[in-house]
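Next up: some structures, all given as structure tokens.
In the two assemblies presented below, chain A is common to both, partnered first by chain B and then by chain C.
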Partner chain A sequence: MRYRWHIGSLAWLVHRITGVLLALYLIAHIFVLSHLKDPSSYNQIMNMMKNPVIKIGELMLFAVVLIHVFAGIRITMLEIGFSTKYHKQMAYFSAFAVCLIWLIGAFYFLKEVF
Partner chain B sequence: MWSWLFHRITGVILVAGLLYHFIFMHFMGHDNYSYEAVAQRLKEPSWQFFNIIFLLSALYHGFYGLNGLVSEYIKGNYWKRFMKYVVFIIPIVLAFFGMKIVIF
Partner chain C sequence: MSKFYTFRIKRYLPDQNPPTRWDEFRIKLNSMERVLDGLVKIKENIDGTLTFRKSCAHGVCGSCAMNINGKNRLACQTLVKDLPEIIEIEPLPSLPVIKDLVVDMTLFFEKNDKVLPYLINDEPPPERERIQSPEEQHRILESITCIMCGSCTTSCPVFWADKQYLGPSALLKSYRFLFDTRDRATEERLQAITGEHGVWRCHSIFNCVEVCPKEIDITNHILKLKRLAVKKGFRGGER
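Now for the complex of A and B:
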């Protein structure tokens, strides 16, 4: 397969890569959480969440989720009939929304530590 | 066609579910995911319902995506068949673990 690269195919690629990352994270997330049956092991993991490195990972994951979600919303809107005339505007609006929500979310994530 | 449509529908469910998941777990203070709070919530049928729908939607959506990747990128027949089994079995196993912790 060969593609001519432009902003649309870049959006597609980003959607795909973030999707794979989320699927891999989902495996770990469900597996770990479903094996914590007693308070001590659960709290041990949750205290790990306060570790700065993990916190940065969490913020990156949050960005990945937002990027994937807004890419999904954009293609869903295109497919239910929004004109492709607005394709670029929608992409720019998504990028703006992702940044805005990420900043607001990051504030709350970091509030958990401080 | 139907599997694709279901991928779309679970996507919509996940947008709503994730919004709730993030706001509740992270933005409303961290008491919401202490062991006691989680154990308490998992006793309530409405939360069990939400969690199971959320779990199954996420697994379907995620592994439908991976299934697409296997179809597109893995060339050898043997490997393709093997990976098709893998992306079919892993979500079933995870659904089992997830449902077990929600229900019991």
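Now for the complex of A and C:
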């Protein structure tokens, strides 16, 4: 079955996918936190984090978080009574805000490496 | 201005093997004609076995809802000039198909029964009618315009995944009575819609609003239902 996408259903799909990704990421996050037992193992894993590949991964994680946050804000605003007439504009604005904040964030992320 | 259009229609003939196939019909239609006119022409002149529902042909009865070019619409309300040259027509998604474009709407109407679609008021009737002010009427006016064509419920991804979900149409009907000042069964109605497969399943995807032929902002009504349910202390079916 094929069905035409529009900004509302895309926003929902992206929200759902990023939500699942974040749930999976939590496992990796807890793995890193489990190295907090003593300073040496913590430093070791923090050095690993300086690897450019990991940095790129962190940037992608940053994008996923931003998308999920803004999709969540949009839905919350609709639920608390913000007019549904503007739901499309809100989705487009969210996409714009995600891009903007991600680019600014990416600049600071990459400044640390290069 | 007349133009040739190709109608690609998903056929379902239960007694043939395989039962599903795509048929193409090329017909000439003028710019004022609708998809329904094309279907009628095909049935009358090319293939009499083509089956679809139609009744009023003026966007009032809601019989001819079908999936046209990937979107649910009323065939009688869609002008061919607004569509590309190739028009793909499928039955409404996610409901069992009986033949060609005719789907079994039982499931859809069952949902409607679940939300008690009638006025409940035990107070003794007044001498004349139960008066409503124009403002009170205006609150439910949009929801009253629903023609129950089924476009919204069958366009809802939540309904595709969960056939027990009440769906936008039934929830809109529930709104129509919950926000009616003459109705007294608020508790009962909220009980009916706040279960596991009720109003909380709506994820504000807006597919229903996109397809509604009467341009009802259904999601807005469902969000109002959610806020009313929270205000009255209903959370997930239990108080």
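Rule of thumb we're sticking to: the second predicted complex is superposed on the first by the 107 of 114 C-alpha atoms of A that agree within 3 Å, B and C clash if a C-alpha of one lies under 4 Å from a C-alpha of the other, contacts with A are read in each partner's own complex, and residues count from 1 in each chain.
In this text, a residue touches a chain if its C-beta (ideal position, glycine included) is under 8 Å from a C-beta of that chain, and two chains touch if they have at least 3 such contacts.
Predicted model only: the values in this text are computed from it and were never measured.
K.L.:
For A:Ile73, select first, second, both or neither according to whether it touches chain B, chain C, the two together, or no partner.
P.N.:
first
K.L.:
State whether chain B or chain C is in contact with more residues of chain A in the superposed arrangement.
P.N.:
Tallying touched residues of chain A, the top partner is B.
K.L.:
Output check: A:Arg4 vs chain B and chain C. Expected answer is one of first, second, both, neither. What do you get?
P.N.:
After superposing on A, A:Arg4 lies in contact with chain C but is clear of chain B.
K.L.:
So, A:Glu112: does it touch chain B (first), chain C (second), both, or neither?
P.N.:
A:Glu112 sits against chain B, while chain C stays out of touch.
K.L.:
Tell me, which parts of chain A touch chain B in their complex?
P.N.:
Residue positions touching the partner: 16, 19-20, 22-23, 26-27, 30-31, 33-35, 37, 39, 42-43, 46, 62, 65, 69, 72-73, 76, 105, 108-109, 112.
K.L.:
Under the definition above, what is the set of chain B residues touching chain A in their complex?
P.N.:
Against chain A, chain B makes touches at 8, 11-12, 14-15, 18, 22, 26-27, 30, 33-36, 38, 55, 58-59, 62-63, 65-66, 69, 90, 94, 97-98, 100-101.
K.L.:
Which of the residues in chain A come into contact with chain C in the complex?
P.N.:
On the chain A side, the touching residues are 1-4, 6, 8-9, 12, 75, 78-79, 81, 83-85, 87.
K.L.:
Quick one: in the complex, what on chain C touches chain A?
P.N.:
Residues of chain C touching chain A: 67, 69-71, 90, 93-94, 155, 157, 160, 203-207, 209-210, 217, 219-220, 223, 226-227.
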